Structure formats: structure tokens, C-alpha cells
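Naming follows writing order (A, B, C and D), and every chain is counted from residue 1.
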Amino acid sequence: MKKAGLRGYIIKRLIYAAIITWGVVTITFVLLRVGPMSPADKYLSNMSARTQDPAQVVAAIEARYGLDKPIYEQYFDYVVNLARGDWGWSFSNSLPVVTLIRRHWVYSFQLILLSMLFSATLGILIGVFSAVKRYTRTDYLATLFSFIGISIPNFWLGIMLILIFSVQLGWFKSYYDTGLPMFSLANLKALVLPVITLGTGMMAGYTRYARSATLDNLKQDFVRTARAKGLPERVVIGKHVLRNAILPIITIIMFDLSGIVFGGAYLTEIIFGIPGLGRVSFNALFASDYPVVVTITLIGAMVVLLTNLATDIVYTRLDPRIRYD
Amino acid sequence: MNHNLLEVKNLKTYFFTRNGVVQAVDGVNLALRKGENLCLVGESGCGKTATALSILRLIDSPPGKILGGEILFHDEDLLRCPEERLRQIRGREIAMIFQDPQSSLNPVFTVGDQIAEPLKLHLKLNSKEALERARELMEQVGIPQADERMKDYPHQFSGGMKQRVMIAAALSCDPEILIADEPTTALDTTIKAQILDIFHDLKQARNMSILFITHDMGTVAGIADRIVVMYGGKIAEVGTTFDIFDQPAHPYTQGLLTCLPNISAQQQRLTPIPGTIPSLIDPPSGCIFHPRCPKRMPICDQEDPPEVFISDEHRVVCQLYKQPVTSPGKTGDTHSAQ
Amino acid sequence: MKGLVILLLMTLVFTAGCGNETPAPSQQPAEAGGIFIEGVSGGDAETLNWILASDGSSLSYASYTIGSLATYDNDWNVVLRHLAKPVEASGDGLTYTITIRDDLKWSDGTRVTAEDYVYTLKNLMFSDWLNYPYQTDWQEMVDGETIFVEVEAVDQTTFVITRQTVDPEFADNAIYNLTPYPKHIAVKYEGDVKAFTQAEEFNNLSYTGNLGPYRFKEWIRNDKYVVERNPDYYLGQEDDSPYFEQYVTKMLGTTATVHAALEAGDITYSGIDPEKVAKFTELEGINVYTVPTSAYDLVIYNMRNNGWDGLKQKEVRQALSMSIDKQAVINSIRLGFGDPAFSFIPKPSPWYTEEGVPKFGYGPLHDKKKAKEMLYAAGYGARQPDGSIAVQDKDGKPLKLTLVTTPGSRLAEDLAFLVKQELADIGIEVEVKLVPWPTLLRKHVMNKVPGSDQEPRNNNGPEAVSEEPWDFIVMVFNTHPIAPSGSRVFFSTEGGLNFWGYSNPRVDELFVNIRSKEALDIEARKSMYAELSQLIAEDQPVDFLSFPRGNHGFQANVEGIDVGMRLSWNYHKWYFSKP
Amino acid sequence: MTEKKSGQISDRFGGRRNLVFFSGLLALVAVILLDIYLEAQILEPMGYFYIFFALVATCYALYPLYVNRRLTRYYWERTRRHRLSVLGLAFIIFLIAVALIGPLLTPDPTKVNFDKKNTPPVGFTIQQSVFDTKTDQLVSRETPGTWQHPLGTDEKGRDMLAMLVSGARVSLQVGLLATLMAIFIGALMGVMSAYLGGWWDNALMRFTDVMMTFPFFLLLVFIIFIFGPSLAFIILAIGLTGWTGTARLVRSETLSLRTREFVMASKSLGASGARIIFRHLMPNVISSIIVIATLSIPGIILAEAALSFIGLGDPTVTSWGVVLNAGQRSLDTAWWVAVEPGIMLFLTVLAFNFLGDGIRDAFDPRSQQ
């Protein structure tokens, strides 16, 4: 009964995921084709090229990128090629989009990973602490801090950090060097400001979630039971409360990926010149290199979809209370 | 010789809420003797639970705060001992069971773990030993297939079974005192009877002192040795089961008893106590029961009622009994409320 | 530096130029070692498959590994590169004989032959299927028809180019920039544009053998482009050059980041904003070199039918130019790092002249009062009771004109707002519209005759107009100082980039003459350029503002730099001094 | 007789208020279509937004607030308990005043003056390189702040104060109008989905899922880039991409309400679908909508600022993001250009967050204590 319910639930989620994937792919195709700049237009933005016969140029360039076929055939090719792992050819980088992404995703991943580690650890710590010390000055300070953290525009924070620590104090001047190992000291140092930039907002959010989740659970009867058993407070909080509070927090962290993290990482990479997918996408956008932009957006969507799916499924394992029907 | 295992003296526990100060427990005295089953009865919100929680200092703070009094356990004042010492007592010497087994068990740990937890903590058993002991305890409280079921999570148990788990966890370290805060309230009638049976057996088998808190006079009759009746954060009447049921002195106790369906008396209707429970933020002056009291006297809203000993074991706090039977001077329960 | 000089490439990014100071020659011998890092704030290149590239960065990236036939030094002398000897032009200016070195090799060891060049020209650059963007450099008009020049291989190292019309600047404009593709590899992709675009050898320059001082190592898009020392470099056989282990182009996002990196010593070289020059000059470890450039900024007047009518009158254009202060541009925007521009020929060019060139907006001809008088005379003003002139449209309404430029470039924005400020002084209100480059091209530059089924082009004849109306556009153009005749695309009536609709028969004639037999005579050409300068400055189809100077900051341990307009012409000989 | 008839008509729409709203909406759409058809600018695009905003605000905020004065007062009392939310509200009112009146008092924010460039705010003095025409040299000149430009000037000598005031107007416009768009679409989707149920519900919710799956900002950037950055379009695009959360919430609220007795009761009395939706469901989810609207505003203001910051803002308006973008470029020469708009942005977002938090607590039945 239970097993069947779980399997049914997972199958249902997978079917949804498939439908959503199809929707996402279709929308990206539409975006790709409504773009007013075709690669031919892009080519023609070089004014010297403009002296040639435009019709001939357009035909030649469209042939270069397979855009001369009827639209339904293009759609079909697009879907099939995506499935085959052929994500098109960058208009302005002279290489397959897939190669470009394979090169750059790690930098985004590193930034996001470090920021999440930083923000989740600190955020949960502060949130739990603030809940335990609720209605004290510490708590109010933590709450105010989280309000500030949520409200501070992260791109502005990035600039301010540069202004203070890089321009005025001269502490963090180095740039991220792809020639060095990803976790080399120099690169980690170069990532300090970006991680704070991206992490502060998230941390503030997690502080709030952690505080309210901890408060919710602190009110629960089982906390009293645990105390009545004579457990020290740190075990009561650290084991009984946190174990219950952590699931909703993790869910929120996972769901955060879509809006806050990707948007934030995008801006952070641009501000700090980290060669991740955000910066690639940004540069590609201004080069009107739509296949790259669209594919990165698509990847973002798929990451969101998969993490949500994974979170849902893992949740069923982690939280014994969940019922699947 | 002091045969009181636990003495609560002049306990005051207030809750400081946004709307005002709730005087949940206001000068309560009571004593639990070795091997007895003491029942604390009263309507909801009269301070029973707050009293019980105060004993182990489990009041949520804020908003609750224990303002004064003493709680003597083996002549040690639990209100003044360090937190560290208190933790050694909790679960080891004084265990507690709560009203709602549903929420009192942590949903994300297996019941086996939760029963074994105090064993590991207090008796320093290793995991294996603790789990083995937990299994035995589960069998003792009548959970079938304990082997299997200890790996289950609370939500896979029925309400009655959960309460058995709670009891097993409370009993794990063989405490001297068991405080049971309305352990049967959330249960069906038939399950309730089974749980009460366990309590009955416990007293027989282990000679354990039990502080049993309930609002249900019917439950009380079956298991109590002595009864404490509380009203509005204060003690109304204390006496043996026989005293209370046979010669209830306080009008409130009398009221409670008339509420009870009495089959032998062939009553047609239950007589509820008229009026509602008073606000403990702004309690009525004088006797707190006077607005609802059928035997109200003019003095009742003027003066605090005195504590009167009707017999050695039977005392009542009411103006009706103002001509005091002089106290024979037995120690223990006789501290004045003032 | 960038071996291929891109002619007339309209760009908002300045390339480096020429010099006015020479560092003391170093005592130390050059020695290989160290990594040279150039910091840039702009975007990345598009492709290393240079024939497909439509941007300057791509050509410059490729030039590190492949080089061209020749380049220029700071005195504009031709310096041979792949050439074994100077290009021999026949007396009638129609035949060019080109002899390449015999020690040039592809990566697979095969020799680079004249046939490779001929193939590259005929089968790739002149082909329909590849659409080489700069085909016009190799075309000529014969009997009203545009045809390609003739190319023929003579032997292993010699090939001949034959023209039917004379162009004295053909070598400068086209031949010296020529770079070959290996025929034996390229034939595999012939005719298949997709395969050619995606060909791995071409996209990572793995074929370039000993043709350039460096070899391709790594390209991380939007981050850095790395080339490493080529030990086989044909010029390095005697002097062991180049001396850097690697030459890195590092993209750093904003100029602020670039400046910080230079100051921190993370990079070796970068351009420096005028505001920062004083600061970097004072820094111990940094040398700042200021050199002229061949780019100029300008305000273009729309003389087509969708611009303000007044702009069609020469006097009105002169009046407007007269009220825009060139010195203010140089002082406030460039902080002094610039020279006033009066015509399209930059000052270091041998063809530069000021004789007879009116200097609107400079010195005595910067006169707002006189400008108003001229506008009044042209019918665009009313005399006020107090004798002053209120500038207004013919119908008596106040003048409101639109200036279009691209956002994101601080320079263009500053220029636009300065023009707005200057014209506000004579009573013309200017609305500044910031439009992204592609949109600007599509909506404001490209034009066609209304109602016709023409494909929009940059110049579709005098009747054509752009989709959106506009009055001024602020842009930056570039001129080849040795061969400025390429500017005919801007200023002749039929010029492919004359999108503002300028037409002067005498100018057209001069541009034709400059590419004819009579111009083979240097003096004759000089006088033609002088007349062109005078005519265009007189007509003011555009208001030339300034030729900026570039500021370049190097770590002080970089030796061997020949400071000048062509700052990096010998960059393979730069080296780090030992501490 | 006629009164009865009009009553019937309005009943079909779920009350007179809805009738007024839909007539207004219809008229607006007609004018827009006419505008497109005639290719004549009857109104600026922003004008339509304002009319729409006023229509919604009157029908669904001001009017009910006025009619239910007691309830309004009750919620106000509850909101007021949060001192921070009152503070937030005060700042927002101040900002609205600045946006409305400020432009009349400050100079033209687009007026450049290169002689006065990079003037620091009052009380600060900086050293900057200027070109000295007398010596033809680059000299370092001490530039003190002046009261003429209390907050300083930017690299083109534009007055920072004037630009910030203009930015306040833009941010509030975007924040309020785009939120309204998003909430309106979201609420409509949510209620429809819940009410229609079955296949429709499934389709609408999967579509919501698809939209939710896209990283919001990346999608927004792309759409704005493709269709061009004008303020009206930015508002539209944010509205069209930012509705998903509202749709989800409204759907679940409606679903839980749909089975309640009063809906059952009116169904059994034969009420029409529209009547049930507008008369019974909408008013009951409106408190959730108000809460989510207040809490969405800061995110939307930030989205516009971020777009402007990366160069995709409307170049014809001076928004805080645009100034910030310029400020980033001159970080090492004129720090205040980046600092000042950021502080305004931060305070505005903070104020809306404070207010939103207060309103949420006020409307949350769980925080009854």
C-alpha cells in the first residue's frame, strides 16, 4: 500500500516533469524565433559588410545556421537535437553551445555552491539562535538584520563591497583566474566578495525561515517531552527541533534556486567578472547570440525543475509524515 | 519523618502575555507521598498543567515565569537547583507524560529511538542495550510485536498506542515519580480504560508515586488515592478520594460531582456549573469562585477565603467553613496560603 | 599590434596609434620569459576563423598566431612580415607582384605557398558562399560593374594581382592585410558554409605553423584568450623572439576593474581612462604612454528627407558646428587628451593639411552669436525687440531636434549630452535618444525609398529614408592614415556607408580621381586630399569633433616598446626586464 | 422595473461594482484597440496603465475599504501594532510625495553641465583630475560639495538630487503598476483554475509550472532585450512573467473556500458561475491578495532596477538603476553616484518589506494573540 503509493506519486511527478519540460522547450523555441535579430542581422551590424547585397548575405548566413527550413521542421529539429545533446551552434562564439556551457558551468556552480553553503550555514545558525533567544535583543537584532539583508539589492551590495574593500581599502583586488585551480587560495579570495554579494540576501531569507520554522517547532509538544526526558537544551534544539525544522528550510533553499539564486548569480557574475554561465549569457545577449542565451535559460529552467523534483522525492524519504496520494 | 516525596509550597506561576498577566498558578501547596496516586482535578484552564510543568520547570519562558514558592524533592528545592541538576532529575527521577500523544512524540524519529533516548542519556546504555530495553518496555506497556514496531514512526501508531509509547519512554529509567498530565483526554473511551489499567498496574507493580492530572472526575474515582481540586489557579479542596467523593466540602467540588453522570442516582440530567471560568488576568476579588458559587455570601467577594481543615487529610478553602476546626498540627500540608 | 588594420571599421572602441616619446633603450638583453597580460573591459571576439569575423577583436586575436603580409612602424614605413621583399607595383599601377618568404610553414610541416594565398582570395574571400565582410577592398568598378581583381600564382612564392583600374592605395588598403588559409585543409570544406564555420582546425587556429609569434593555447569565452610562445616563429630564428611565454588577453568587465587590476599588478597592460592618467603617472611601477589615434568622433547631420529640413542647408550645418565647441569636447570629456578634428584625415597622416580648411567650432569660428546670425539668415530665427535673435523653425515654433547614439558607452553619452548643452545655448532643444547599436543600425541607419520593395541598406540613394526619423547621430569613425581614400564610402554620393545622404559632385569626382592614374603622383594626390579636406570641412555634412589620444599603462618592467601611434607594431620584441 | 433589470444584469457580474469594473475595462480595451488601429497616440502607453490602476484601485481597494470602514479600522489597528510597518508606510508616503511634488522643485534631471561634473555631496571634498586650459595640463583640483547640488553631481554634471527624485517616480510606477498587473493576472488564473477545475485546472496549473520553472530574471532580461526597453513594456513584461506565485496561492485559497458552506449554499440557490466567483470567492481571497501584492512590490522594484543596472532600462527615463549603472563606471572617481541611488532603492525596498510584514501579520488569522 505504502510502496505502491510512493511509486505512483513518483510516476505522477515524473509525468508532470516531462510535460513541463516540453512546455519549457517550446517556449524557448518561440523566444529563439521571435528575436528580432537573426544571425544575419547580427552579421550585418558590421557596417562594412553592409555594403554587400543584403539578400545574398541573409541567405548565406541563414544557411550557415540551418534557418532556411520551414518553421515546423526547425521546431522538430530543435526538439530532436536538444534531446540528442546537440544544443546548436553559437552565433558569435564559433563553437557548439554545448561546449561553451561545459566550459563555464563549473564557475557558476562554484559560486552558487559556496554562496549557498555560506548563506545556509550562517542563516540557519542565526535563525535558530534567534528563535531560541526569541524576544530578546539578540532576536530583534537578528530580525532587523534579516530585513536589511532581504531588502538590500544584491547588485548594489556588490558595488558597495567593491567600493569599500577593493577601491578604498584595496584588500580584494584580484580577479578570478581560470588558469588557477578552482579552489586555489587566490580564486577563493577572489570569490569572497561575490559570495557575500550573492549570499547575503539568501542568508537573510534563511534566517527568517529558520527562525520561524524553529519557533513553530519549539512550540510543539515533543519539545516539552524531550526536555522532560532530561535532555540538555543543545540536544533538544540541535536534534529534536532542528531535525524537524530543517526539512522545510531545505525545501525553501531548493526552491530558491529559480528566482533568487539564478538572478543573483547572474548579476554577481557580471559585476565581478566571474566567467560563469550568467556572464556568458549576458555577453551573448548583447552580442545577440540567442542560441546561447536561450540554452542557458533552458538549463536554468531544467535545473530548477530537476531540483524541485528531487526535493519532492527526497522529501518523501526524509519526512516520515508525508503520505503519497 | 517526612514521607512526602515531593512538596509544592506556595507555587506562583504567571504568564506575561500581550493582554496582561495570567495568574495561572497562584499560591498552590500540595504534597505527593511515596507510592500514592495523587489526582489533580479541575476544569480546563484552572492551572493544573501549569502546576505540573512548574514542578520540572518546563514552563515556556517567555511568556511563563515561576515567580515564587518552593518545590522540594528529597528536600532539594527544584526551583533553585542548577539547570544541570534538574536535567538529571528529569526523566530519571521524575518522568512526565503529556496530554496529546500525537504531538508529544517527535514525528521524525522512530519510537524505539525515543524510548531509548533517556536510557542512553541517564543510564549511559549503548544504543544496542538501550534499544533492547526499549523493546522490553514496549512489551510491558502492552504494545504487540514490539520488535517490529519499534522501528516505526509515531504516525504509524494509533493514539492509544502512542500513549503507551509515551508511558514506556517515561518509565524507561524507572523514575520515582510519574507526572501524567491528562494522559487519557485525547483518547477514546475504550482506549482510555486500557491506559488507566496500565496506570493501575504501575502503582501495584512498581510502587511508583503518580501525580495524575485530569479534568474528569470519573477517571479520578478509579485510580486516585488522594485528590486535589483546583480552581482558578488556586487549590479549592484537598482530601482522600473517599473524602472528596463522599463529603465534598467546597461548593466547586460539589458542582463538579453533580456534573458526573451518576447511574445509581438515576439522574435524568447533568447539572452543569453555571457561569464560565473566570479570567485569570483580572481575577474576581475575594474568593475566585464567588461569581459562580451557588452558596455565595456577601463576604465572598470581600475577603480571601481561609484554608480550613475538616480532617487531617481533608482541607478546603472556603468561607463556609470559617469556624475552624483547629489544626491538629500535623506537618506538611498546613502552610497557610498567605 | 593588431596586425590586420581594419579599414573604416566603425567602432566605439579605440585601437592604439602612434607616438611622441621614446623610452631610453634598455641595456639589458632581451630574454624569453614571463606572461604578458593585457586587460580589456570590452567584449570578447567572435571567432578565430577570421574570414567569418565581422568584428575587430576577432581579427586581432587571430593576428597573434597568423600575421599578415606587412605592417607599419610608427613612422608609417612598411615593415615586411610574410613578404620576402616589397610589393612590386607596375608603372601603370595595374599589376602587383607579391613575393612571400620561403620559410613559412603550416603546422603539418607543409610549406606555405603562393597557391595558398591565391586560393584564399579566389575561393574563399571572393566566394559567394562565405560572404567575407570586407570583399569591397578587393573589388573595382569597371564599366559600371563591380568585379573582383584578378589573382594568379606565378611560382611557389610569387603571385600576381591584376587590376583594371588604378588605385594607388590598393596595397595599403588590401594587400598588406592579406592572411592565408591552408588550401589543403580548406578544400575539404569548400562550398559547405556550415562545415567551414564549424571546422575545428580553423576555430582553434591549429594550422598556423610558424606564421605568427604565438600559438593558440586556450580561449575561455568572455574570460581570457591565451596564446603561447611560438619557438618556430620565422622572425624569431635570429633574435629568439617573441620573449613572452604567453600573451593573455583578459576580459575584466568594467574599466574600474581593469584599472584596479593594473594597479594591483595583476595585469601587465591596459588602456587608461583620462581621469586616471594623473594617478597612474604618479605610480612608481607603471609607465603611461600617450599616443595619437586615427579614430575621430563626430556628429552626423541627417540630410535625408526624414531629418530637419534646415540640415539640408550648408549654412545651417556650419552654424550648428560653429556653436559646438571642439575645445570643450577635448577639455571636459577627454581631459585634454585629444586634438581638434576638422576633416577626416588624422594629424599624423602624410595627407593632413589645415590649409584652407575652415575650423568650425574652433578658435574664432567657435562663435555662438555668429551661429545665430547665420541661422537667422537662413530663415531659422526671429529678431527680438532687443536686437537679439531667437532661433526657431520656419513656422515660428521652437526647434526640437533628436540626437541618437548608443547607450553603454560613456564617451558617446558624454558627447551627446555635450552637444545638447551647446545647442541649448543657441536655443535649440535636443532630445538625446539612447538606442542599442543593432537597433540604431536597423531603425536609423539603414534606409530605403518609402513604399518601395527595396532591401534596406546603408545607402539606398538620395530618396531613401530610415525607418525612424532623426536629426543627429553621434558616432566614432576610423581612418587609415596612409590610405584615407577609403573614406569615400562615407562621403561620396554613392558611398555604401553614406547613410546621412551627403552629396557633392566635386567630392565624388575627387574620390574617383584619387583612385586613378593621376593620383600615382604623390603631389597630385596630396592636393586632391587637400581639396577634399577643404570641401568636406566647408560642407560640414558631419561635424568632426576631435581625434582623441590614447593612454596606455604598462608595468614598468616591460621593455622594448616603441612608443608611437602604432604602439605595438613590434610587440613580438617586447620583454620583461629582470629585477 | 428598470431597476430590477439593471439589478439582474449587475447580478450576473456579481454586483454593481464588478459591472462598473468590467465596463471600464472594456472601454479601456476599446480605446487601446482604436489606438492601435488608428496608429494615433490617444494616450501614452503609461496612461493606460494608470487608468487600469485607478479602475482596480477604486473598485477593489478604495471602495471596499470605504464601505467596510470598521474592518478597515480593525486591520489598520492590527497593522499599526508593528512599529516598523508604520515606519515603512511613512517612508512610502514620503516617497510618493517626493515623486509627485519633487520634480517641480528640483532642476531638470537630464540637464548636463560638464563644468560642474563630479561634484561631491555637501560636506565632502574630493581631488579630481581636470584639464587646465591655462597651462594645457592635467591638474589635480580640489572639488568641494556645494549647496547648489546638495547630493552632488554625476560624471556629466547632472544634479543627483533631481535624478533621485525622478528615480523615485520611476520605481514607484514600476513597483505599483507591474505588481498590479502581475497580481491581476495571477488572481484571474488562480480563481479560474480553481473554479473551472478538471482539465482547465490541469492545463492552467501546468502552464503556471512551466512559467515558474524559468528563472524569472533571466527570462525577463531576454524578453526585454528582444522587445526593447521602454518603461511601459518593462511593466508589461514583469506583469506577464511575475504572476505565478499569486496564481498558485489564489488557487489553493479558492479551492479551500469552494467547498465551504456559503458557496455550496449559493450554488444550491442557483447562482451563476460568475456570481460565485466575484461575489463569493474573490472577496474572500482578497486579503491574501493584498498581502502577496505588498510583499511582491519590493521584488519588482528591484527587478526594474537590476534591468536598468545591466543596461536594459528605459534610456529615456532616469531611474535609480540607470544612475547606479553610471555610478558603477565611475566608482573610483565619484563614489556617491553609486551610493546614493542604492540607498534610496534599499530604503524603499525595506519600507515595503516592513509594511508587507505588518500587513501579513494583520491579515493572518493565526496571529490572533
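Going forward, a residue touches a chain if its C-beta (ideal position, glycine included) is under 8 Å from a C-beta of that chain, and two chains touch if they have at least 3 such contacts.
Just so it is clear, the structure is predicted and the values come from calculations on it, not from any experiment.
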{"item": "Higher-contact pair (C-beta pairs counted), C-D versus A-C", "value": "A-C"}
{"item": "Nearest-to-centre chain - CA centroid comparison", "value": "A"}
{"item": "Inter-centroid spacing, subunit C versus subunit B (mean Cα positions, whole Å)", "value": "93"}
{"item": "Distance from subunit D to subunit C - Cα centre to Cα centre, in angstrom", "value": "45"}
{"item": "Cα-centroid distance, subunit B relative to subunit D, in whole angstrom", "value": "57"}
{"item": "Intercentroid distance (Cα basis), subunit C paired with subunit A, Å", "value": "41"}
{"item": "Touching two or more other chains - residues of subunit D", "value": "311, 328, 331-332"}
{"item": "Shared interface positions of subunit A, touching two or more other chains", "value": "36, 162, 167, 270-271, 286"}
{"item": "Sequence positions of subunit C contacting 2 or more other chains", "value": "254, 256, 260"}
{"item": "Parts of subunit A lying in touch with subunit C, wherever the complex brings them together", "value": "36-37, 41-57, 60-61, 63-66, 89, 92-96, 100, 103-104, 162, 166-167, 170, 173-175, 178-179, 270-273, 275, 279-280, 283, 286-288"}
{"item": "Subunit A - residues contacting subunit B, complex", "value": "134-135, 219-222, 224-232, 240, 243-244, 247, 319-321"}
{"item": "Footprint of subunit D on subunit C - complex, ascending", "value": "254-256, 259-260, 274-279, 327-328, 330-336, 407-408, 410, 413-414, 417-418, 420-421, 432-435, 439"}
{"item": "Subunit A contact footprint on subunit C (complex, rising order)", "value": "7-10, 43-44, 46-49, 52, 54-55, 128-131, 133-136, 193-194, 197-198, 203, 220-224, 226, 250-254, 256-257, 260-261, 263-264, 266, 437-438, 441-442, 445-446, 455-458, 489, 496-497"}
{"item": "In the complex with subunit D, residue positions of subunit A that touch it", "value": "16, 19-20, 23-24, 27, 31, 34-36, 147-148, 150-153, 155-156, 159-160, 162-163, 167, 258-259, 262-263, 266-267, 270-271, 281-282, 285-286, 293-294, 296-297, 300-301, 304-305, 308"}
